[in-house]
Each structure stands twice: as C-alpha cells, then as structure tokens.
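The following pair of complexes shares a single chain, chain A, combined with chain B in the former and chain C in the latter.
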Partner chain A sequence: MSGVTLKNVRKAFGAVDVIKDVSLEVPKGEFGVFVGPSGCGKSTLLRMIAGLEDTSGGVIEIGGRDVTNEEPAKRGVAMVFQSYALYPHLSVFENMAFSLRLARASKSEAKRKVHEAAEILQLTDHLDKKPSALSGGQRQRVAIGRAIVREPEVFLFDEPLSNLDAELRVQMRLELTRLHKQIGATMIYVTHDQVEAMTLADDIFVLRGGVVQQAGTPLTLYDDPDNRFVAGFIGSPAMNFLQGRVTRRTEGGMAVAVEDGELEVRVEGAAPGEGTDLVVGVRPEHLGPVESGGFTAQVEMSEELGGNSYVHSTPPSGGGDIVFERRGVRERLTGQTVRLGAVPENVFAFTPDGVRVR
Partner chain B sequence: MAMIRDRRRHKLVAYSLILPFVAIFSLVFAYPTFEVIRMSFTNAPLIGEGEWVGWANYRELLTDRLFYTSLKNNGYFVLLTVIPTTALALLIATLVNRLSGRMQALALVLFFMPYVLPVSVVTQIWAWMLDFQFGILQPAIAFFTGKPVPVFKNPNWVMPTIAVVTIWWTNGFNVLLFLAGLRNIPSELYEASALDGATKWQQFKRVTWPLLWPVTALVLTLQLILQLKLFDQVYLLSEGGPFNSSYVLLLMVYREAFQLNNGGYASAVALVLFLVIMVVSVLQFQLLRIGGKNK
Partner chain C sequence: MTTTRKIENTVLTAITLVAGAIWIFPIYWAFVTSIRTESRVVSESAGLWPDELNLSSYVDALFNTQLINWYINSIATAVITTAVVLVTGMMCAYAISQMRFPGRRLLYGVVLASFMVPTQALVVSQFILMNDMGFINSWAGIILPQLIVPVVIIVYKQFFDAVPKEMKEAVVLDGGGDYTLLFKVYLPLNWGITTALGIITFIMTWNQFFWPFLVVTTEDMMTIPVGITQVNDAFGVAYARIMSVALLAAAPVVIAYLIFQKKVTEAVMISSGVKG
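Right after this comes the complex of A and B.
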C-alpha cells in the first residue's frame, strides 16, 4: 500500500500557477521533505495534501485512496503548523484531546491516548498548563502531541522548527527522527533549510517555481544533482560555480577552461564539442590547493572552525567568491595566491541553462 | 546632596505633569460630583442655596411611584437592548468577517453609518418611518397585527420600539469591536480545528466563542452602562409617555431639575442612578470574568 501519491497536481491562484504539474510519491512509513526557497510552492503543496487549499488539477492519493476532493478531517492527516496553532484558552491536555472530544471519544480513551502521547513527548508534567506557560520547544511538542493523538496515516509538518532557536532546533530535529522511528507513520515535512532536509529525510523533493527539480535520497541529491539549482541549493557552504568553455576531450570526459586555468570534468555520455560554453561546479570540500593544473585565486579570509576551515578567495576575473575547505591545517593563506583544483569525478558541468552534463 | 536635590526636582517635574489633568478633573468632575452629593441632602432649587434636609429627599424617593416606574422601565429597556444588540452584533460581525476585502469594507460602512448620525436625526428618521398615518413601516406592522399601530402612543409598543431604534443606531460600533476581536483569532486555529474534524458550528463553539469572550464581556458591559443612561431617544420620541410607560430615571432627573426646579431632589435621583450603574456594571463585569475563566 502506498503512502502519499501526487499525480499531475496543479494549483492556480487566479492566473498565477503556483504548483505546475507535480507528480511525486512518498512511500508508506517514509519521511519525505519538501525543500526549496521561499515562494517555491512547498507550503502550498503541503496544504493541498492537508486539504486546506483546493486542488486545481490532478489527483492526490493517501493510502491508495483518492482524497483530492475530500474534507481535511477525512483525509487521515494531521498537521503541525509553523505557529503551532495551539488553542490558547485550553490546557495542554485539552489541546491534545481536542480531536477526541469532537469525535465524542470516551473520557477514559481520551485520557489514555493523551497520556500515551504525553509520555512519548515528555509532556506529562505539563498537561494542566496553558500553552502560554510553556517554552517554544514545549509548545512545539504539544502541537506534535495533538497530531499523534489523532493517529493519522500521514503527519504533515509546515516548517515546524523555524520559530525555535538554533540549539533547540538541532535537538527537536533529533526528536523528530526518533519519533518517526517510534511511530512509523508517513511524514511529510516542509522546510527552506537544506540542513533540516538532509538530516531528516528519507526522500527529498527540491521545489522551485512550483516544479519538482529533483527527488531522491539526501545523498543522491548531494552526489548527483540533476541541475545547477539543486547542486547549489543542497550542501553548505554552497557549491562554487565558474563560467567555462570546453577546450578539449580527455579520456573519460573533457577539459574546461575556467579563469586562468582549466578543470577536468568526468562525463559518462558524449562530451559536448570544443568551444561549448558551460558552467562548472565544485563543492568546497572537493576543491583545494594543487601543485599543477587548476586555476589561481587570491585568498581573502578564512573562517576557522577548529577542525576545518572555509577559505574564501577571489579568482583573477574577480567574479564571485570561491570557497574551499581545509582540514587539520593551521597555516593561514590570507593574502596569498593559490592554485586550486579538484579530481574530475568531483567536478560537475552544467549547460548555461543549468542542466547537468553527465 | 545632589541626590536629594535631584529627587526634589524629579517630584516637581512629576507634579507639574499631572497638574493639568488634576486641575481639569477637579473642576469638571470631582467638584460637580461633590456638589451633587451635597445638594441631594438639601432642598435647593436648580440655582441657589437650599437648606440641609438630611435624608428627606431619599425618603421621598422611596415613596415616589414614578421613581419605581422609571426604575422598572430602565430595567425593561436593558433587557430589551443589551443582550439582543450584543447577539446581533456578533452575528453581523461573523457574517461580515466572511466577506473579502472591498465587500467587507462596504458592509462595515453600511452597518456603521447609523452610528455617525446625531440622535435627533435618528429619532426623526424613525418617527417618519413609523408615523401612524404616513410611515412606510406601518403596512409592515399592519401585516402582522392586522391594523396600523401608533407605536409611540401605545404602552406595549413604545419601549420595544425605542429599543429597536437604539439598537439600529448603536449596533455598528459593537460590530466593529467584534470584528476586531474576530480578526485577532489566528486563521491557523480554524485550519487546525478543521483538520481535527470540527464542523463550522463546533469551530464557533470551541474556538471563536471562548477566544472572543473578553470582547463579548466588554461589549455587554459597555452596553449595560450606555443603555442605563437612556434619555435622548425617549425624550425625542415619546417624552416618557404614554401613561409614563416609557418614563426613565434620567427623564425624571431632567423634569425635577429643569422643569420643576427641584435641584436637591433631582440630585438624589441622579445619584441613585449613578450608584445603580456602578454596582450593576461592576457586578456584571466580575461575573463575566469568572464565567470566562471557567470556560
């Protein structure tokens, strides 16, 4: 049985298409993450799955059931909102028991389910408090608890951690992973933070302009991006991009002239002909000082993180900030001109339109 | 030494800042209030000194049948207006709140317009509309009762009619208060409750109503105070008639003070009304607050 399936789903607000023909599947029990810059339609897509937004076209299936025109309550989904959306006039217990009260569940059943959820989320001591008496992280847990109590097929999270401070966010991220293991339900999570996406997801769906750019496991997206957008969006610090032109074919790929030197790129298929304009991308961790080959850049400053450091440098053309990572080295390069290169397997090439050349 | 001088200067600045308010407050509120209290124990005319008569005015009040009639009519009017206007305003506000952008503004203007009108214009409009011979609402009344009714000259109709006029006149402001309250409820709560399986009615009962309760309590209390102070509409529409069936306490104050020149007695009536309003509104607000806490 499948989890959540979207087939050619569209959403238009007036004349503006916000979601354009999205098809995707989050298998049962998996943790799917929609990630993308703000305005990419990820939240809209999640709200469409929840039934809070109408669907303009296509089919949404949950557990093999077509729910495209079903009411939110009958879709078997529970949602955790960015603002938590806790009922301020009700205690933590009543907040979590809200759906059970509506369904006229017996008192003992409500009590049992709420206490079970409270146990999982370590909220047992706070059940009598009002939401206003709780910290941000606790409120977040109450919101999750309210979802758990409903025992939905699918949990939906709409940027649930963005109102928390950095430390708490890391902690809640781990708790969510643990929770997912414990409950085993399908979860769909929306975030603009690619680190959250990488750490939480079984499957990531990168969205831009209402279109899924690429879907896959976190490492697939990282190691083998389909296009320049995904390559630049996934990974921190972001991938370096350099304008280049194909100079010659090599064994297993091509050489691309960039700045005052060249980089070799591994290409599986037919390499583009000589003189073709390309964009070359290298991740900071794959770029580093080399004896020969590569291109030169002048080091501006380094971010020293102890174990590793990110060195920011400027290429001769002056265009863009080239970042490379160094590990276990204490020598400062500030002000020096270095020669940077990478092995062909770690250099990606994209057409000027951003499509990956493989 | 410097500290002490600074503190003295501090106090001086503080006093000079509150002085204008204290002066005006004393002149136009504290002093007149004190005078009314003093006058209520004398047999003074409206202007000029009177003799101290102790509790005589209050004793007379207790045997004055018009006082009881007026008190009863005030109570009747409060019953006719306070809860109905609050309920109506809440209903209108929830409906207006569902409209979008420009339509909402338009609807709000329409409901708020009467509130802008001066009371004499309001009473004139309704006096015309309800005129026994030419009023355009008389056919509607005749439809239900079988014959036209001279509403301001009929003891059974006069108070309810004044209540309707008053509600029409003042309801817009309450709608505004409720609308502000409704806008303060985050839309996520409705989305969350929809996902939890709440129907529209359950959403109203379990989300809107409890979260709107502070506004409701405020509107109820403001209305209670306002409607106990009823004077203009009665004075302009029925002058307390027929057979004193729309006579109210403020009308009595007005008559005793300005028509019969009994300043002392009028002060006693005014003071009693003041106490009634104080006690009832404080009591009501406290009760509503307790009610709100138990929700």
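Right after this comes the complex of A and C.
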C-alpha cells in the first residue's frame, strides 16, 4: 500500500511556477526528506500535501486516496511546525488533546491517548505546565505529541529543528529516528540541512527551483549523484569542482586535464571525445596528496577537528577553494604546494550545464 | 544608596504626593460637601475639614430622586453596549484580519473612516432615525447609536494580525474552523486586551452624557449622568445633594476599575511587549 504519492503536481503563485510538475512517492512507513536551498519549493510542496496550499495541477494521493481537493483536517496528516505553533494559553495536556476535543473524543479516550504520547516523548511530568515553562526541545516534543495523538497516516515536519541549538538538534534527530521506528507511520520532513536529510531519511528528494533533481536513498545520492547540483548539495564539506577538458580515452574512462595536471575519470558508457569541456568533481575525502599525477595546489590553512582535518588549498589558476580531508595525520601542510589526486572511481564528470557523464 | 540618590528619591516622592493631593482634592471636597447640610455648605465658616456627618443628602438622593432607576438604566445600557460592542467588534476584526473576501480592504477603510466622524455630526440624523423607530425614551434608543466603536475593531484587528500564521494552520489541521479559531484560540490569546477594551467601553458608555441627554426626555429612563442635571433642577442649587449623587454615580466605575485594575495593567503590558 502506498504512503504519499504526488503525480505531476504543480503550484503557481500568479504567473510564477514554484512547483513544476513534481512526481514522487514516499512509500508507506518510510521517512522521506525534502531537501534543497531556500526558495526551492520544499516547504510549499509539504504544505500542499497538508492541504494548507491549493494545488494548481496534478494529483496528491495519501494511502491510495486522492486528497488533492480534500480539507486539510480530512487528509489524515498531522504537521509539526518550525515555530512549534503551540497554544500558549493551554497546558501541555490541553495542547495535545486539542484536536481530540474538536473531534469530540471522550474524556477518557483523550486522556489515554495524551498519556500514551507523553510516555513516548517523556513529557509525562510536564503535562500540567504551560508551553512558556518548557525548554525549546520540550516544546518541540509537545508539538510532535500533538501530532501523535491524532494518529495520522502521515506526519509532516516543516524544518522542526531549526530553532534548536546544535547539541539539541543532534539529540532530537536521534529521537525522531527512534520515534519513526516506534510508530512506523509515513513521515515527510523538510529541511535545508543536508546533514539532517542524510541522517534521518529513508529517501531523500533534492529540490531546486520547484523541480526534483534526484530522489533516492542518502547513500545513492552521495555515491551516485545525477547532476552537479545534487553532487554539490549532498555531502559536507561540499564536493570540489574543477573545470577540465578531455585529453584522451583510457581503459574504462577518460583522462581530463585540470589545472596544471590531469585526473582520470571512470565512465561506464561511451566517454566524450577529446577536447570536450567538462566539470570534474571530487569529494574532499577522496582527494589527497599523491606522488605522481593529479594537479598541484597551494595549501592555505586547515581546519583541525582532532580525528581528521580539512585542508583548504588554492589551485594554480587561483579559482576556487579546493578542500581535501586528512585522517590521523598531525603534520601540517600550510604554505606548501602539494600534488592532489584521486582514484578514477571516485572522480565524477559533469557536462558544463551540470548533467552527470556516466 | 548614595546621598544624591536619596535626595532624588525624596524629591520624586514629594512631587508624586503633591500631584496625588491635587488629583484627589476635588473628590475629597465632593465628599466633605456631601456630608454637610445645605446651609452649612454655603456658610462662610465652613472649612476644609469635615466638621459634620450629615447623611441626609444621601438619603434624599436615594429616596427622593429616581437615582435607583438611573442606576438600573446606566448599568443595563452600559453592560449591554459593552457586550455587544465586544462581540461584534471582535467578529468584525476577525473577518477583516483573517478571512479573504472581496471588499475586505474597503470594509476596513469604512471602519477607519467612521472613526473620523464626530458623534455630534451624526446626532440629528440618529435622533430622527431613533424617533422613526419609536426608540425615544427606551434602552434601545440609548444603546443602538453607541454600538459603533471602531477603535475596538482596530485594536482587535491589530492583535489578531499579530497571531502567528502557524497557529491558525495548526487549528485548521486539527479540524477546527473559524469559530474554533476565534473563540478557542484568538480570544483566549488576547484575553487581556478583551478585558481592557471591555473596561474602556464600559466607562465610556457609563460617562456618556450628550446622546442619552437627547434621546431620553422622561426622568425614569435617564442614565446617571443625565439624572444629575435633574437634581439641580428639582431642588435649586443643592450642592450637598449634587455631590452625593455625583459620588454615588462614580462609585460603580471606580469599583469596577479597582477590581480589574490588575487586568488593565496586564493588558497594557502585554500590548507593549513587556511581558510575552
């Protein structure tokens, strides 16, 4: 049975299309994450699923049921907002029981459901408090609790952790994962933070300009990006990109001239001909000092993180910051010129307009 | 505390005390006058201090005038006006603030414009209208023209506008409609401002003189401020009696303010963002 399915969904504000023909599916019980830079339409898409925005075209199905023109409350969704949107004049209990009251649930049923949710979220001791007496993390848990008691088919999260500090964010991320396992409901989560997307998602949908750039598991997107945008967006620090030109074919790929050297790229299909302009991408952890081959770069500084360090360097052309990772090495390279290279399997090639050359 | 600080405090306290004394003096004087006999009030030897305790003016005011009727009229018209003004004002503000319908801006413009028309300019047409409807000398006649209080709509709208959009969306997702939103969320969220607006409207209506004076011609339908003028007429210049009626007239408003004083202060604090 399906969870949430979007078929050719469109949304226009006046003459501006903010969502352009999006089709995707989040299978039942899975954790789907919409990720992308601000203004990519991810929140709009979530709000369309919730019914808070009208749909200009296409079909939205929840659990196989067409809900495109259904009232928000009848879609079987519950939403957790970035600002929590708790009712400040009501206690935690009343906040969580609010939807049940509206649905005319009996007192005993409301009490049972709220207590069950409070148990899961460790809020039992706070049920009588007003939201203003709670910490940020607790408020966010109340907002989640309010969603849980409705027993929705789909949970929608709109950047729920953005207002929390870094430490709490990591903790809440783990709690959300645990909660998803425990409840097993379909969840859709919107974030601009690719780390959140990577850690939470079963499926990530990368959006840009109202179009899904690529969908897949976190590691698929990381290991096998379809285009330069996805390659650059997923992964932290971001992938390094270098302008290059194909010099020759090699066994199983091609050699691309970059800066003052060259990198070999593994290509499955037919490699582009000699002289073709390309953009080459290498992730920081795949790039490192080599004895021969590669290209040179002058080390500017490094971010020492203890276990590993990210070294920032400038290539001879002066264009862009080339970052590579080093692990377990204490020796500093600052000021030195190093030769950097990577194995062909870990080098990606893109056409100048960003499409992956496989 | 430094010496300069001490002197500053003493000076400030002194100024406050003097200001307070100036403010309280008319009320004190009204009280002193009201417990004197009429002859004592006008005698040359009457000093600043209370030298008599004569309650006859109060007895007269209560039993020889229609004061009880005036009380009933004042309380009824003020309470009904306040309740209707709050309910209609809040609903109108909700519609203008939260609902999307053609003419919304125009409606708000009309509300704002009505704010700028002085009551006196409308009096003649309102009087003719009330007369045509047969509401002269009735509560309806006193109340109806006073129900237009645009400031209530404007204040409510400002507060409703400030409620985060997510709060509304949360209610919509929870299955609530406009009534749930208004009465279960927006209203409790703005309880302080409702209290403040209620008190302000009540006092305004209670003190209203001009309109009730025009629309009521029989003594038994008068409100207290209008009634006071009758005391003057019926007994000549009866200072003690006028003062006692004036004090009795002010009493409910003073009591109401004392009871809700904390709420009013709270509302002002909430509205100025001191307390969230």
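Note that in this section the second predicted complex is superposed on the first by the 358 of 358 C-alpha atoms of A that agree within 3 Å, B and C clash if a C-alpha of one lies under 4 Å from a C-alpha of the other, contacts with A are read in each partner's own complex, and residues count from 1 in each chain.
Just so we're on the same page, a residue touches a chain if its C-beta (ideal position, glycine included) is under 8 Å from a C-beta of that chain, and two chains touch if they have at least 3 such contacts.
Keep in mind it's a predicted model, so treat the numbers as computed, not measured.
Trainee: Should the pairing of chain B and chain C on chain A count as a clash or a fit in the superposition?
Mentor: On the shared chain A, the partners clash.
Trainee: For A:Pro72, is the partner it touches chain B (first), chain C (second), both, or none of the two (neither)?
Mentor: both
Trainee: Go through the superposed model and pick first if A:Ser38 touches only chain B, second if only chain C, both, or neither.
Mentor: So A:Ser38 meets neither chain B nor chain C here.
Trainee: Of the partners chain B and chain C, which touch A:Ser292 in the superposed model: first, second, both, neither?
Mentor: Neither partner.
Trainee: Once the structures are superposed on A, label A:Phe98 by its partner contacts, choosing first (chain B), second (chain C), both or neither.
Mentor: After superposition on chain A, A:Phe98 lies in contact with both partners, chain B and chain C.
Trainee: Looking at the overlay, does A:Ser106 come into contact with chain B only (first), chain C only (second), both, or neither?
Mentor: It touches nothing on chain B or chain C.
Trainee: Looking at the overlay, what does A:Ser132 touch: chain B (first), chain C (second), both, or neither?
Mentor: A:Ser132 contacts chain C only, not chain B.
Trainee: For A:Pro88, using the defined touch cut-off, is the partner it touches chain B, chain C, both, or neither? Pick first, second, both or neither.
Mentor: A:Pro88: touches chain B and chain C.
Trainee: Where on chain A do chain B and chain C both make contact?
Mentor: 50-52, 72-73, 77-79, 81, 83, 85, 87-89, 98-99, 102-103, 146, 150
Trainee: Which chain C residues qualify as touching chain A in the complex?
Mentor: My answer: residues 164, 166-167, 169-170, 172-176, 180, 185, 188-189, 191, 276.
Trainee: Mind pulling up the chain A residues that touch chain B in the complex?
Mentor: 50-52, 71-73, 77-79, 81, 83, 85, 87-89, 98-99, 101-103, 146, 150
Trainee: Chain C touches which residues of chain A in the complex?
Mentor: Contacts found on chain A: 50-52, 72-74, 77-79, 81-83, 85, 87-90, 98-99, 102-103, 132, 146, 150.
Trainee: Residue numbers of chain B touching chain A in their complex, please.
Mentor: So the residues of chain B touching chain A come out as 186, 188-189, 191-198, 202, 206-207, 210-211, 295.
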